[in-house]
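Please go over the structures that come below.
Okay, so chain A shows up in both of these, paired with chain B first and chain C after.
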Partner chain A sequence: MDHIVIILLQLAVTIANLALICAGLAIIFGMMRVINFAHGEFLMLGGYAAIVSSRAGVNLWLAMFVVAPTVVGAIGIVLERLVIRHLYGRMIDTMLATWGISLALIGLVTVIFGNTVSGISPPLGSLAVGQYAIGLYELFLVAVVIGLYGGGWLVLRRTSFGLLARGTMQNRVMAAALGVDPGRVYSITFAIGAAVTGLAGALISPITGVVPTIGAAYIAKAFITVISGGTAIIAGALAASTLLGSINTLFSFAFSPVLGEVALLAAAVLLLRLLPQGITGRFFRRSL
Partner chain B sequence: MLKGALGAGAVAACALYAFLVVPAQGDMTTMINGSVYASYAVLALSLALIWGYGGILSFGQAAFFGLGGYAYAVAALNLGDTTMAAMIAVAVAAAAAAVLGYFMFWGRISDVYLGVITLTVSLILYRFLNQTAGEEWTIGVAPLGGFNGIPSTPILTPLGDPDNPLPPERIYVLAMAALLLAYVACRLLVATRFGQVVVAIRENELRAELLGYDSRLYKLGLFVFAGALAGVGGVLFANCVFVSPNMFNLQTNGQVIIWVIVGGLGTLAGPVVGCFLMLMLSTYLGTVGDAGGGWLDPNLILGVVLTVFVLVLRRGLLPMAGAAFDRLTAMRPFVARQIVAANTAADRDRRHGSGANR
Partner chain C sequence: MVEIDRRTLMKLGAATAIFGPAYIRNAYAAETIPIAGIHDASGGIDIYGRPMINCLALAVEEINAAGGVLGRKLDLVNYDPQSNMQLYTQYATEAATKQKAAVVFGGILSASREAMRPTLKRFRTLYFYSLLYEGGVCDRNIFCMGSTPAQTLEKFTPFVMKHFNGKKIYTLAADYNYGQITAKWIKKFATENGGDVVATDFFPLDVSDFGPTIRKIQAAKPDIIMSVLVGAAHNSFYRQWVAAGMKDKIPMASTTFGIGNEQVLTSPQEHNGIIVSYAYFDGIDTPENKAFLARYYKRFGEKADGLTEGAAMTYHAVNLWAKAATMAGSVDREKVTAALETGLSFTGPAGKTTIDAATHHDTLDVYIAEVRDGKYKVLQSYAQQPPADTAAFCNLKAHPNDNKQYVIDVKI
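After this line comes the complex of A and B, so read on.
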């Protein structure tokens, strides 16, 4: 019984992790159609921002929820203005340019912080379930993910900015004709995507630690999840995270964590052969 | 005409330098580096072919490079015959490309998704081989060795003399010869009818299909050929270094793309040039990096170079050199200058037009 509870909790944690690392990408890639290959590095920067500022004496929660998103969001705005705004509509070129940015960020962070693992111990204690235990912090992440996706849904559905953003991404020229400044909307949306990514990176950093090259561990997983999700970004990212996260957990328990990851990626490739439009291309089609 | 002759001359000059001057100087470091660069250049050539001519951006081309290397090492350890092992390796790489290609082209997976899928496949192999450290991960007598790879990769031997592995100088000549052969093979391939259909599909897939060509079949053919080529690169790499999971990782996959972009997409010689230049730059940065206060981190430089090429120098080095040459030769007669001006304008329009359409 305890074993089952632990497996279920672990399942929720894995799904939440996946949903967390691909939330920012769902905005930048899913909505804006910008292939951000520097996504993993945005996560890495979020982790560093949180760790460095908390070591400098900032309260850990403040460092994770305020400092990291602000820093990465600001970096996102700068990069969007400098590089990415020249490349909208040219997917392959954005992919290459952001891959260049990702390499440059890895190099820069290596120069500044060196190539060693930095970390902070996860706050909150652990929850005992019979003879097993699970980190309370990891369960807290599940709640954060629910809040993040719920908040995202509210912003996109209920606010005028959400409407403007969705409209601009659908038809840039039409939005411009109606008096919206598409450049600004793109810029702000990109910054929000970067900030969410920074938050995610900060939240994961107590669990995994950070090294300059950690982005490579996330990039394929995040992309394949968002693509498997399909066009509806929120429902898609959640559905794909649930499906792929379950497969990951299943294989991790049955064999090993690495094979769990391999199974996740393989399942996603298989899924795309069956549903080239992603999950929401076929199901939940009218959702957001 | 003149430009074509000059290009052929340049290739011949490079070949002469590689085959006569470098071995005569006998500098072992240059030759070992040269073999490694040549094996990577074959990989660059395979991406140049499918991306530049077929319009298929494979972000995971190193998957076939690594598979070729691993298949060679495993087969050579088991069979003891390296020639056979090399052939098996190329066949394995081609077969893997055939399976993946069938999967993608019949699934109608399009440009960007194609990149992400191929990258994912490469990373699956990377993750998988990284954890094969234990006893249970052994094929025949060949242990896969986890993240250490297979350091005891056998070196190629001459036919009929299996106990005398080739010395590094001979491996160097072999690698350079393979590169030259691969280049010539690609040149010939793109000049055939098959090559022209492939270009037609790149330009407009729907139109090519309406003309009666099955684009999936042509893309698959090109992809398999390129996969085999990458496999050849992997075999060479296994002979001058050894096989390890790093052959599959994000770094290797990204580097190939940088070489193609820097050298010039849509050419065959450009990516080879880009590969050699960028690898020389990386090697140089690696040697000065520690002394230079750490600011010359290779990743930082590579990243900035790639971003600048994508943003500003979109055409790559070789096409830019070609354009500069055109401008020089058009200096004299007034009429020729007008023609060049008109061509450049048309070229610019076309590029901007296609840029907007993508």
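After this line comes the complex of A and C, so read on.
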């Protein structure tokens, strides 16, 4: 019984982790079609923002939920204005440009902080389940992910900005003809994507720690998840996180962590062979 | 009287400007001994390279201050391969052919060593590699200064079992040759000492989610965790372990904790009490090491990069080479190698290191230490451990033309 409870909890934690690291990418790549190779570095910057500010005396929760998204969101706006906005609609070019940005960010952060900024220990303690124990902070992240995706759904569905953003991404020319300023909508959407990524980076930093090169550990998984998810950003990212996260966890439990990683990648390849448009290309088509 | 008009004078001046420096440089080069250092000073693994570069410079400066080798000063050129394997090959070629270095000190990851080794062998340039590694390199042109798994683990495994009073070990290892081979040695020495490795989990280097494994460990209830985890992503394990409330329940030992400055990256709450084993710690309490530390921090400042086994062994390597060249009366590769093969030894910060002629590895002192608040407290030392793992395959005295890295198949 304990075993089943702990596996289910672990499953929720792994899924939430995947959903968290790909949330920002779902907006920037899933919605805006910008192949953001600097996504991992945005996560890294969020982690640094949280750690540096909390060390400077800012309350840890404030550092994670306010400082990190604000800082990375601001960096997002600057990069969008300087580089990305010239490249909308040219996916391969965005890939090259953001790859360059990613290398530059790694270099810059290394120069500023060096290779050794230690992290912060996870707050909250642990929860015992029979002979097992799981970090309460990890379970807290599950709640945050539910809130984040719920909030994202509300913004896209219920606010006028959500409607404008979706409309602009679908048909920029038509949106412009109807009096929307597409440049501004793009800019704000990119900034929100960056801010969400910064928040995610800050939230995972207590459990993974931060070094300038940490982005590489996330980038592939984030892309695999968003691509497997397909066109609907929220339903897609959630469905893909659930599927791939479950496969990874169950294989890790049953066999080994190596097979867990292999199974995740194999499942993604198989999935995209069967459903080239991703999960939401065939199922949940009309969802967000 | 020779008439020199303005044009001739200008030609003469131009010729001097062009050829003069070259002439002067050649004259100067005849007096100094060119040597090369090839370590990453930038890029992802500069954290390993920087203290090694410092120690190389310190050793060279000290030797020069004492009059150089054979009355000639050492002329050190540092190359920075920027954590890029291709540049390693390029710089090894440059050091051997253009700079005509008498000896090359360098290489960090096994991949970088294997990138340079054939190049330096082809260009007949002597090579010293100073980091701990998985063992097995058998090549007469290279001297491997770092410790190999057999040297540390033979004493470390029983020590850990006794220290933590347990027999059931759970091993976590990075999924590449160092982790795979080290995990086998742990199993061998645990079994030989009446213990048992209940499970071994391997992790690709980019895995940062250790949740499922921590649950598996909780179910397996081992007495001791052996960590052979490597790199930034694997640091997550130590945090997640604490977050799950496991830190005080199952003690941990490691053969890799600290090589990537994990003791700085994690908090005292996360690392206090972890036991590690290397051939060098800055906490070694010998007069040689204390004097060395004083010189190191005086030269590079209080904030200089912390010293690792690789850094201390680089210092040993330069001194051993200088000693051998003095003994041979020449910096010629063959003569220096022959001098080193007489079983030359050097006593320095890491204690006494003696070259083993058959393997070109060294017999060295091994230390076991506990991590506490980012520092190492030495608990135990073992004098003069031979490179037994490599010696099982490699005999350069009998087969001087051997030239490969053996994959050591550990018999359990």
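One rule holds in what follows: the second predicted complex is superposed on the first by the 286 of 288 C-alpha atoms of A that agree within 3 Å, B and C clash if a C-alpha of one lies under 4 Å from a C-alpha of the other, contacts with A are read in each partner's own complex, and residues count from 1 in each chain.
Methods note: a residue touches a chain if its C-beta (ideal position, glycine included) is under 8 Å from a C-beta of that chain, and two chains touch if they have at least 3 such contacts.
Treat the numbers as computed from the prediction; the structure is a model and nothing was measured.
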Review point. When the two structures are laid over each other on chain A, do chain B and chain C clash or fit?
Key: clash
Review point. Thinking of the overlay built on chain A, is A:Ala268 touched by chain B (first), by chain C (second), by both, or by neither?
Key: first
Point to revise | Contacts of A:Ala216 with chain B and chain C, given as first, second, both or neither | key: both
Practice item. Check whether A:Gly89 is in contact with chain B, with chain C, with both or with neither, and answer first, second, both or neither. Key: first
Check your understanding: Touching A:Val258, do we find chain B (first), chain C (second), both, or neither?
Key -> both
Review point. A:Ser126 contacts which: chain B (first), chain C (second), both, neither?
Key: second
Check your understanding: In the superposed arrangement, does A:Pro276 touch chain B (first), chain C (second), both or neither?
Key -> first
Practice item. In the overlay, answer first, second, both or neither for which of chain B and chain C A:Val5 touches. Key: neither
Point to revise | Stretch of chain C penetrating chain B in the combined three-chain arrangement, among 152-160, 170-178 or 332-340 | key: 170-178
Exercise for review: Check chain A for residues that touch chain B in one structure and chain C in the other, and list them.
Suggested key: 216, 220, 256, 258, 261
**Study point:** Residues of chain A touching chain C in the complex
**Key:** 3, 6-7, 10, 13-14, 17, 115-122, 125-126, 128, 131-135, 137-138, 206-209, 211, 213-214, 216-218, 220, 249, 252-253, 256-258, 260-261
Study note, to complete from the structure: Residue set of chain C touching chain A in the complex reads 44, 46-47, 175, 201-204, 206-213, 215-216, 218-219, 221, 232-233, 235-236, 239-240, 242-246, 261, 264-267, 269-270
Exercise for review: Spell out the residues on chain A that touch chain B in their complex, using ranges where they run on.
Suggested key: 35, 83, 86-87, 89-93, 95-97, 99-108, 110-111, 216, 219-220, 223-224, 227, 256, 258-259, 261-262, 265-266, 268-269, 272-273, 276
Revision key, fill the gap. As the complex stands, chain B meets chain A at residues 57, 59, 103, 107-109, 111-113, 115-117, 119-121, 123-124, 127-128, 130-131, 249-251, 254, 257-258, 261, 294-295, 297-311, 314, 355-356, 358
